[in-house]
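Please read through the structure below; I'll follow up with questions.
As written, the chain order gives the labels A, B, C, D and E, with residue 1 at the start of each chain.
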Amino acid sequence: MAVIIRRVEFFLITLWAAVTINFILPRMMPGNPAEAMMAHFQGRLNPAALHALEVAFGVNTKETIWQQYVQYLGDIVHFKFGISLSNFPVPVMHVVMQALPWTLTLAGVTTVISFLLGTLIGMIAAWRRGGIADNLMPPVFVIISALPYFWLGLICIYVFAVTLHWLPSGFGYDEGGNINLSWTFIHQAITHAILPALTIIVTSIGGWILTMRNNMIGTLSEDYVRMARAKGLHPMRIMIQYAGRNAILPNITGFAMALGFVVSGLLLTEIVFTYPGVGYLFLQAVAAEDYPLMQALFLFVTIAVLAAVLLADVANALLDPRIRAR
Amino acid sequence: MAYQPIAIQEPAPSPATPAPATGRAAWAAGFVRIGAALSSNRKAVAGVLILLFFTVVAIFAPLIAPYSPSAEAFAPGMPPSSAHWLGTTSYGQDIFSQLVWGTRQTLLIGLIGGLAATALSVFVGVTSAYLGGMPDHVLSVITDIFLVLPALPLMIVIAAYEKGGGFWVLVGVIVITGWSFGARQLRPQAQSLRNRDFLESARVRGETSAHIIVFEVLPNMVSLIVAIFLGAALYAILAAAGLQFLGLGNPEDQSWGTMLFWGQNQEALMIGSPLWIIAPGACIAALGAAVALINYGVDEISNPALRGRKRKKKVYVVPNP
Amino acid sequence: MNEPALRSEPSALTASPVLEARGLTKHFHVGGIFSGKTLHAVDDFDLSIYPGEIVALVGESGSGKSTVARLLAQVYKPTSGEILYRGTPIESLHAREYRRHVQMVFQDPFSSLNPVYRASHGVLRSLKLYSKKPRSQLRQEAARILDLVGLTPSDQFLDKYPYELSGGQRQRYGFAQALACGPDLILADEPVSMLDVSIRLGILNLMADLCRDEGLAFLYITHDIASARYVADRMLVMYAGEVVEDGPTEDVLQHPKHPYTQLLLSAVPDPNAPAEAAFPMEMGEPPRVIDPKPGSRFCPRCPYAIPICSQETPRLRLVRPNHRVACHVAQAEEAIAEAVAQSRE
Amino acid sequence: MVRAVDGVNIDVQPGEFLGLVGESGCGKSTLLFAIGRLLSEPAEIVSGDVLFKGTNLVYLKEKQLRHLRWRGFSVVMQSAMNALNPVLTVGAQMADAIEAHERMPKAAMKRRSAELLQMVGIDPIHLSSYPHQLSGGMRQRAMIAMALVFTPDLIMMDEPTSALDVVAQRSLMREIKTLQEELHFATIFVTHDMALVRQYADRLAIMYAGQIVEHASTNEIFDDPKHPYTRGLLHAYPSLFGPKEELTGIPGRPPDLRTPPTGCRFHPRCPYVMEICPKEDVPLYSPRGDDLVRCFLFSNEVMTNERASAPL
Amino acid sequence: LSGMGARAASSRSHANVKYGGTVVLDNVGGALWTCGLNPYNGANNFITLGFTYETLVYDDALNGKIQPWLASGYSWSNGNKTLTFTIRKGVTWNDGKPFTAADVVYTFRLLRRNPALDGNGDWQVLKSVSRHGNNVVMNFKKVAVPDFYYVAGQTYIVPQHIWSKIKNPVTYIDSKPVSTGPMVVSKCDQQDIIMMRNPHYWQKGKPYIKELRAPAFLDNGPGNQYLAQGKANWGCQYIPNVNTYYVQGNSNRHWYYAPGSDVDLYPNNSVFPTNIKAVREAISLAIDRRRVSQLGVYGYLPPADQSGIVLPTYSSWYDRSLAKHYNYSYNPSKAIKLLESAGFKRGAGGIFQKNGKKLSLTILGVAGFSDWVAELQQIQNELKAVGINATVSNLSGDTQLSDIQSGHYQLAYYFTGGGPSPYYEMHYVLDSGLTAPIGSTATGDYERWRNSATDSLLNRYAQTTSSATQHAIINELQGIMLKNVPVIPVLEGVSWYQYDTTQLVGWPTRSNEYVNPGCNTPDQEIILLHLHLK
């Protein structure tokens, strides 16, 4: 119980802090969205448009910063995020909702795959200490994890899309495709996700392998594993139920955090692959000083991370009875 | 039951460097110990060699680079040749020279960004753990907030907000977004040290808190601090490359990240100068791999359980009496 | 009876105490920030230690013995109560002044030496802080102290590292650090609990020697009642954060008054006696120290409990010369016995 | 390379309670693990045999060994805190052990587990408890219950009471003894508490620096200790009840097993050291009866030559 | 009536034209589509304007030629203060409702009511708009003939029957525009906008093509790749090394870039050292514009002329003799001489100085525009070569604009605005009516050039419809540009334009430049109307 209260407390404090930082940051940036829009059109707009834009965006508002803050908090509580300036006059929610499923799916699937695969490899490497898997996999993937993933993406596009024509180089689905739940669409979505997913998985798996291996080596020397051997249990059971399950516990929170982070961390991948997710929206929002969009995105990502962490706590409690008791 | 001779292989010999009696030497000894242990770890040695190579290149860049990195002096888009080992950019600059000069900034970002982020992590993590109570609570929440805030977008906001995004802005952004991870790792270790009797023993002896933190606590965490530094340096290198790639650095800087920015901007892969993108990326990867390898080594050193079993098992047969 | 007279009887009982604790109480806040639970680690602890005296503190694991030591060593701040050093409240003493005179040897010899320094680091630091000797002679002085605690040849032991030492040697470095400050009182927290017999004995003999030769006072915390008997003049028995019995060692051992003391003594395995029958209160609930209710804390396990035990917290009362006990039943018996004796007279 | 256990011969009969005593670090736990082939890297058996009811465990394949484990012999590990898997309930861990060796319906499994817990004095309700929900003493008991699942022929207990205070220790010891008398299994009991084994063990093996130095019935050892080390041990215990006397203990400190002393390993600390001691390895031999001792003091040849000069 | 083309838009016979085909438009928007197609405020409207919403006339920015469009004719009266449009008959909205003069009046009144929509500033010059039967009469506050371009050529007419029901037209998303143009938006999601042929289009038989698709691109890179892979047949962005990357020797792939308006170096005329005429002249002379162009954009942007006339687009307005007289072709030694004669002396590092003040200045660029960064790097080197110590500061786009508008800069690299004649650019860079004191926001004339002669010339131009007078005035303005160098044109901005004739033909070409090429609005409609299957 206390754990949950402490978690909720943390959740609220962090949320408030993030929301506030979120409010302050864009306002500290110089310039204003109207000028950003003018700059975006690279001189193609009539100079008179600046005035129109300022009126439309409400740039020269007379409200004090405190009034704005209170207004802002109120809006957030009611889930009102206003209109995206860089996508004027489309509401922020619409812009975000259009992009969110893509990112969530890609991020979710890749992170889960990378975590599961990494954990499995780490587990086996530690179990067969000094074996081929142990001598090869961890160092190789640790090195790969040092690759800049966006660069890897560029190279992948060049090799697999441009040169070999095996896979599409970008977008979430084929040109002219319709978004629905048909097999054609799902097939398209998968084909288009292969390259971005691959770059993420390959560069993130090393961390999981290493931490799992290290944890597992720790648990393997625990007395309860020796005890399991003494009991004459099947080796698979010892590896999974005794060593593995205890070794995975410290990784769960990390996994949740990673799950939350990729939502924003996909940014470079999405740019490189023209993937229709929220990552790119961030960059766009910042470039256009689109406060409402930026704020909404920040909020969503923070909530995503926090929610993931909360979920991890639940998962931890399910897997680790000691936490449940506290 | 019968005769039972049993042999236990000795654990890897304890580090040879003696523990010193004075505070400053304890620090030095910590580093020496890690250095000595690193030299016996093959992965770490490989990492150190790569790192040394890049360091030499960075220091002697003016001597190594055949041309000025920014001079737009040659025919654009030349393929590799003996005059231009990696060809030229579409602005007519020598790619190899850019690569050589770019080593400097990339290394500096890794070094300075890593050091600063580590310093902040150590400060927050250790202070928080040592003080305990309310300060600990506040500092932990701050750490967690920074951990939860989406780093890359935050970096983009800050980098965009500071005009031009020069070197120091880049470092600042990296430090702001990169310290919390280390602090989070350090806190529990410092906390577990905090209740070790030797610290209370020092307190009972009458030492001041500052003395205890600096000379009793920290020397015990040298290997973790080194690991955090390496992690932070790797983060700094990759994050800086990402930001510069997005055009959020100063595009006139000489670094591998800006090379990627220009290369991508000029579609180097498509217009026949692929090395413009491949070379700096590969260098970042090599540098990153070096840091990752050293980190891997440090990990094995600080956690004896992880040490490799490369030595062949010697079996002693005890003759039956 | 062969009385080896390890040391002279505590002659100083008449002198003023080195350290006095009055109503020392330590409560720990447990659970989350919102849970208001309080763990009563130590409640209302009184103690006076006189120069040249060894006081043994025994009791169940978790009964608050280490907490008492840490409170006295000012590692923890007491929740309430006061500590007087030679009659002066310690708040009005300079922190270093107090440290110099009251030292502590920590329970665990393996964690009380900083692994990054030579084992003599603590001794040298203590000398640097408190010794008036010139710097050049500090090493010599340290060697002298190591000699004193039996770490010979001391030259060699000055340069050893913790990982090269056995438990007993480490323990003696702890002693050495405490001694280097030149204290009047050493709070020794289970200094022998994890050592095997021979090392254990060495330390006990060392304590006795120091007491006799230097007039030092000790608070000796232990699980090993036989060893307490071996060195201590006085014995305090703690149960669930409270002192339940306090008296001269032999008297407490011969005439244990509190049922817990009786249980404790009966459970000590005796190599010279075969296992005997079960003691009635062996099993039973562990004491309630989180938000305890008034009443005797041993009451739920006590076969002699009378109604008042669960309602009123017993206070320590004199039941024999110099021997006090906190038990309603024992006090009542004593009162009756006294009344009977008086009526006989 | 450390010879943690070097040339140890012990044997234990059905229904016997064998105490194994020695200073800390002398190789007691290692010996138990070696017997059960439970040594984990880097430790290994380099030579010797373990004959369990005639089968040599040392040469058994891992798979065959698995079938023998727990049914034939079981172990109660030194630290009950760490020897139970923290994420599985006590019941699940007992069921694990049963499942590994026998097909049994769930209900029967549960009945058996409950029975065993009851036998060691734990409410069967704790079958669904996790280890951390039990007190130290209860955990020790649960381990013992688990070791009894198949009523094996041999149970090896490694300091099962070290985590307990004297009160709890005594009640657990009594239970073990009762169970043993009922079920008639052999016990190897490791401890460094002389007082404890005095009360419970039938026979004692005294270890020093990886070797057995004395092996005899408990009464024999307490009444007439032979090896100087045993004598030292007995003389290092202050007594709670007897007369108060000054004790001296054993001078010196245990040897470093990486470079054990030559000849008799105890010679650097031995008050009766003789010329021959550092020079020749001492065999474990029987000066009289079944008792074994590893000391030249009782060897006839040496005795005749040197006894006169050595005070006993 | 005057200035009226005789025929309604081109109406050649459709007999031999094949119908069908898909245009894939590759116009990088830097964002995924959000389908805000509101013609006045939509973030994505640039992709549909012209194709959907149309204007009263089509005013060709390349040559000033005016084609009647939704208005079949117009006339000036009342000393050029009244403008009367005759609204075309037979036009219907794509929902089948007829288009009338009322819609036009409604549109203009909508803009008056909502300044946020009036991005062209129509109501800064208009006094009233009213309907007279089939005519729409506009009264101007003052004579402003050049604003005809905005009022008639850039104001998109919306249907009254739809828009009058909208509560807030400013935030109206309008993802399915009801419009008069040749295409109808049939689908819009984040990745694609698809427009289908409007069967009710008022130009009978047009358009020929069936479908127009515009995928969204976040960045030039993927957009260019898409084009290079042949997936799109109409491209509108900068492609590095276009011959290698895009054409690849394929005879069906073409590109040509028509210059529109200059990219200038704005020297702040009210701060040292750019307030010194000699310095400005020296800068203009010191820049090797051809090389700058070569380095920045493979030479695709032609070097600009100091006269401010974009060549060859407006060559008919160019005063060759004047240009020859002043001769601003690349000449560093002349630049040095000029500085010396202005009293500057060489100091440390070869940098000029005067009265102890070093001739050093900062050039503001934009970090995100890689071509500008490269160009400015070159300019910086060239200025150093003549003893001017220039440093480049690359900012974010909006920061740079903000600094330029408020006058907090010395030298800045920025666009100019254009229109169907050189007047528009001259007005943009020279009219002190657009400028503001330093610290306040200027909407043009960022260099703060204040000259009454210039202002009166611009004023006179605004009053006349006579071509001869206009030419004379532009000639005089060229003189001012050359003599005083208030701004320094560096390169001529172009409309990026690539096209693929594998399937579709009818594209404007270098030789048949029937319309301003690229993806300009509403010009892209004219191109579309010409396209048909091979």
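Please note the rule applied: a residue touches a chain if its C-beta (ideal position, glycine included) is under 8 Å from a C-beta of that chain, and two chains touch if they have at least 3 such contacts.
Please read these numbers as outputs of a predicted model, since none were measured by experiment.
Enquirer: Starting from the defined contact criterion, work out which chains touch chain A and chain E both, please.
Expert: Under the touch definition, chain A and chain E have B as mutual neighbours.
Enquirer: With contacts defined as at the top, give the pair, B-E or A-B, that has more of them.
Expert: A-B
Enquirer: How many angstrom lie between the CA centroids of chain A and chain C, rounded to a whole number?
Expert: 56
Enquirer: Can you give the whole-Å distance between the Cα centres of chain C and chain E?
Expert: So the centre of chain C lies 91 Å away from the centre of chain E.
Enquirer: Multi-chain contacts in chain E: which residues touch at least two other chains?
Expert: Within chain E, residues 225, 368, 396, 399 contact more than one other chain.
Enquirer: Quick check on chain A: which residues sit in contact with 2+ other chains?
Expert: Expected reply: 30, 129, 162, 221, 271, 287.
Enquirer: Pull out every residue in chain B that's touching 2 or more other chains.
Expert: Within chain B, the residues that touch at least two other chains are 160, 163, 264, 270, 309.
Enquirer: Taking the complex as given, what residues does chain A use to touch chain E?
Expert: For this pair, the touching residues of chain A are 30-33, 35-36, 38-40, 42-43, 45-53, 55-56, 83-84, 86-90, 94-95, 98-99, 162, 169-173, 175-176, 179, 270-271, 274, 276, 280-281, 284, 287, 289.
Enquirer: Which of the residues in chain C end up touching chain B in this complex?
Expert: Checking each residue of chain C against chain B gives 33, 70, 73-75, 95-96, 99-100, 103-104, 106-108, 111-118, 120-122, 124-126, 129-130, 159, 161-163, 174, 177, 181.
Enquirer: Of all residues in chain B, which touch chain C in the complex?
Expert: 14, 18-21, 26, 29-30, 137, 196-207, 216, 219-220
Enquirer: Name, in rising order, each residue of chain B that touches chain A in their complex.
Expert: 43, 141, 144-145, 147-154, 156-158, 160-161, 163, 234, 238, 241-242, 245-246, 260, 264, 269-270, 274, 277-278, 281, 284-285, 287-289, 291-293, 296, 299, 303, 305-306, 308-309
Enquirer: State the interface residues of chain D toward chain A in the complex, per the touch definition above.
Expert: 33, 36, 38, 40-41, 65-71, 74-75, 77-79, 82-89, 96-97, 100-101, 130, 132-133, 146
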